[in-house]
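Following are the structures in question.
You will see chain A twice below: alongside chain B first, and alongside chain C after that.
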Partner chain A sequence: MDFGPYLMLATLEGAVTAAVLALTASGLALVFGVMRVVNVAHGEFFMLGAVLAWWVTQMLGGSAVMGFVIALCVVPVLVGCLAALTDMVILKRISYDPERTIVATIGILYIFQQVTLMTYGPDARPVAPPFNTRIALPWIDFVDGRLSLYWPWGLSITSYKLAVIASAGVILLALWLVMTRSKLGLMMRATEQDRDMALAFGIPVEKVYAFVFGLGAALAALAAVLIVPIQQAHYLMGGDPLLLSFIVVIIGGLGSLPGAVLAALLIGLSDGIISVFFSPTLAKILATLLVAFVLVFRPHGLFGVRRG
Partner chain B sequence: MTTDLKKSLLLHGAVLAVLFASQFVLPAYHHGNLARVMILASYAMGYNLLFGYTGLLSLGHALFFAAGLYGMGLAMSQFDVGAGPALVCGVIAGTLVGAVIGMLALRTEGVAFMIVTLMFAQAGYLTILYFGTYTRGDEGFVIAQPDRVLLGLDLSDPTVRFFAAFTVFCIALIMCLAVVKSRFGKVLIAIRENEDRTQMLGYDVTRYKFSAVVLSASLSALAGAAYGILFGYVGASFASVQYSIFPLLWVLLGGAGTVLGPLIGTLFMFYLIDLSSGITTAYMLIAGVVLVLLTVFAPQGILGELRRRVWKWLP
Partner chain C sequence: MLQLENVSAGYGRAQVLREVSFAAKPGEILCLAGRNGAGKTTTVQAIMGLLPLMGGSVTWKQIVLSDLPPHQVPRAGIGYVPQGRRLFGDLTVGQNLDIGRFTNGKDLHALDDVLELFPRLRERYTQRANTLSGGEQQMLAMGRAMCLRPSVLLLDEPTEGLQPSMITAIRDATAQMRDRGVAVVLVEQRLDAIAALADQVALLENGRLRAVLTREEVAVDPQKLAHLLGV
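Take a look at the complex of A and B:
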């Protein structure tokens, strides 16, 4: 394969990563934005989404399409409720103190991860995609001095991957509409801007917190259900999405949703392209150092605005 | 005040005496464990200097522990240095890493400080994996018995190892007591309680915090180097996130900002995990549950609660 088609393939694979990352990271950004806490257990909600998706499809049996659609509807709600419960039982009791929340969510991380290890086991298990047609992609090239279309060998994508990109776009659009156009979104934004004033205006801040924490986890779970037919479900799979979401949220400006989506596109696409040219370990070293240095020298993120 | 000082000297002397005496009583298995616990407790004490006394919560101390471990191990395996100088290499490596991280990470505070230290430690861990040709990555390398002889003492012998671990623990304990009782330590506690006010009183807060990071890093590195030389193994798992979480867990459990808290926390957690790993492979579940319970119900830890209720003089 020539360089051009190769780059296009890397870009398309990167777009799938970016789509899933945008969903996961917007969950983390939402929680940080509204509640001002860092949820270190975010990656585990992603993992739970994938594992539960496998579990639901196994329980139902039957056709791959049915099972997957039901998993897509049920799993995010389940994970969201679990997260809301965690918020009410644990985080509320430590009154969302930023540092203690990090320590508590580290504990929650280990609890979810290890309980999954005890019940689901250490194996990686696949979920069948609902549809998976191979689509060969054309490439334009100069042949004998004129443009011609041809289908290079290996340049293809599956219909499922395209569907992942499209559905991530739809979900993010829906999230944006909820945040800007609905009463629920108004309540969330009010809580974000001034917790005490929102409380004074009769907004049930505690319920909003539980809802936001659940919604953030549900977004991660949704992303995981979408990715699990491509990447298998495993109890340690939460680490990478957590790291990448951190990178995205920090670069996109802490707590800013549009910033997070933009940064997810940037990171997802460049991750796909960089890992083609560098060793994955080196790419990860550079990425972690990038986050650390952005936080040290630009604490409000590359696109972030200074908050009062 | 002087009676308090006497009491605290008596208490710490008694603890050291009990540890010393246990060498002659304990069966072989627990005897080896206690040596390990004393080294890990020294690591936790290094962590406690920063977290408990200065109020800076680092999530990346495994970097300093590993700097000591690899500084010592690589000096031996790559440059054929003897045990004594290798130990010094480890401590120097940890101190240097601490100075660099201190200079960078102290530009941030609060949650950002936690994430920055976490990220630097993660980058350090990945770097160890990346240079697998020298570090042997996850697999690690073994330090052969002939290299583990210090001043004519064979550190692989259980009895000698126990006393070596005891010596390291004594150094850590005396250092912590000295710091806590000194003017320097008082300023650190003042920074923990109210940074702005301390600055207003004319103290150069940044310089004090930097010294605390470096001191904490060198103590952690000493523990790391000693761990490698006493137990004969150097591996990347000691640089992973888990080994940054452990000292936090031990210190929180024993009581942050108490000199003996790290020892009690380490001893308790070590046996809890040791017992539970006999039952299930998911032994980190215990660590998770203890972390959550501690943050919710007892943020002061065991000795912190004791100090609040009974022994007000506890350092």
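Take a look at the complex of A and C:
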């Protein structure tokens, strides 16, 4: 394959990573932004999303499409409710004290992981994609001085991967609309900016916190349901998304949603491209170096704003 | 009446207020005076439920405000204009006013009233709050609280650091709220403002109530107030 088509293939693979990462990292950024909570258990909500998607599709049996669509609707809500409950039972009790929440969420991480190991077992299990046609992609080239379209051998992507990219875009757009246009979004942003003033104007901050923690987890779960037909569900699968989300949130500017999305694109796409042309290890090394540079030279993130 | 009875409060374990009692009546302005660090802001925050009380109680009409969770206090009709304005700076003027209306979604006139009183806010409606001038920000802080249609209004040094024309606008708005029957608690340091607006003056010193003076007492002997305030 020529360089051009090869680059396009790498970009598309990177876009799938970026899409899933953008969703997961948005959840982490939202929770940190509004609640100032560093949720170390974020990756476990991702893992629960994938594992529950497997449960739901298994229990329903029947057609892959039906099972998957139902999982896509039900699983994020289930995980979101579980997270909201975790917030009310554990984080609220320790008054969201920054140090104690880190320790508490580490505890939550192990509880979810071990309970999953005990019930679901140590195996990685696949979920059938609802559709998976391979689509050959065209490439444009100059032949004899004029443009012509051709289909290079090997340049293709599955319809499901395209759907993952599109769904992530739609979900992020919806999230943005909720944050900027709805009363709920206004409540979350007011709480984020000044918790006491939010209370002084009747915003039930405790409920907002439970909701935000649930929403953050639901975004991770949504990402997991989308990726599980490509990746398989496993009880230890939460580690990578957690690490990558932290990288993204640091690069994007702590707590900034647009920053997280931009940084996810940067990390996801460069990961895809560097993995294809060089090696996946180099991609991880570069991402880690980038984080180090951002921390040293732009501690508020590449896209973040300094908080007053 | 907004009634404070033996209110004690503080930060963490450090007690600041010690058994403060006073009452603000509807249609009147109670000025809360005292030097820097006397506990004026602490008192106002204690009324809003933003600080847990260490003793005593705050009641408005039959409602024991100090028994309510903090977010229920504004729903009882208590409006708050905090010291330093504390707007939602990343949100627009309109969104800040919307947040003021959360507790009374049904009252559509509140917003019109505020925009009529402060036409400047209408001009700046879609601008972010932290891009406003100091005076405009204070109008917005005041407007945000007025959107709640409060029956009690707590104003913590609303004219601090403003230019004279803005000070007049804010004082006029304060007087207007009083004329509408609102019980106003105004934290104020300037003698001229106290003399012009106060129906009662409650003087704090080191977290304790030093004296409560009526309008007449202030009028008869302005030197006494000046002396008590240490100016």
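Quick note on the criterion: the second predicted complex is superposed on the first by the 290 of 308 C-alpha atoms of A that agree within 3 Å, B and C clash if a C-alpha of one lies under 4 Å from a C-alpha of the other, contacts with A are read in each partner's own complex, and residues count from 1 in each chain.
Keep in mind that, in the parts below, contacts are C-beta pairs under 8 Å (C-beta built on N, C-alpha and C of every residue); 3 or more make two chains touch, one makes a residue touch a chain.
Only a predicted model underlies this, so the values are computations on that prediction, with no experimental measurement involved.
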Partner chain(s) touched by A:Val291 [first = chain B, second = chain C, both, neither]: first
First, second, both or neither for A:Ala190, with chain B first and chain C second: second
Chain B versus chain C as contact partner of A:Arg181, first or second or both or neither: neither
Contacts of A:Ile102 with chain B and chain C, given as first, second, both or neither: first
Of chain C and chain B, partner touching more chain A residues: B
Residue ranges of chain C touching chain A (in the complex, touch as defined): 45, 48-50, 70-75, 80, 82, 86, 88-91, 95, 98-100, 102-103, 130, 144, 148
Residue ranges of chain B in contact with chain A within the complex: 57, 59, 104-105, 107-108, 110-112, 114-116, 119-120, 122-123, 126-127, 129-130, 245, 248, 252, 280-285, 287-292, 294-296, 299
Residue ranges of chain A in contact with chain B within the complex: 38, 90, 93-94, 98-100, 102-104, 106-111, 113-115, 117-118, 122, 243, 246, 250, 279, 281-282, 284-285, 288-289, 291-293, 295-297, 299
For the chain A and chain C complex, residues of the former touching the latter: 183, 186-187, 189-190, 193-194, 196-205, 308
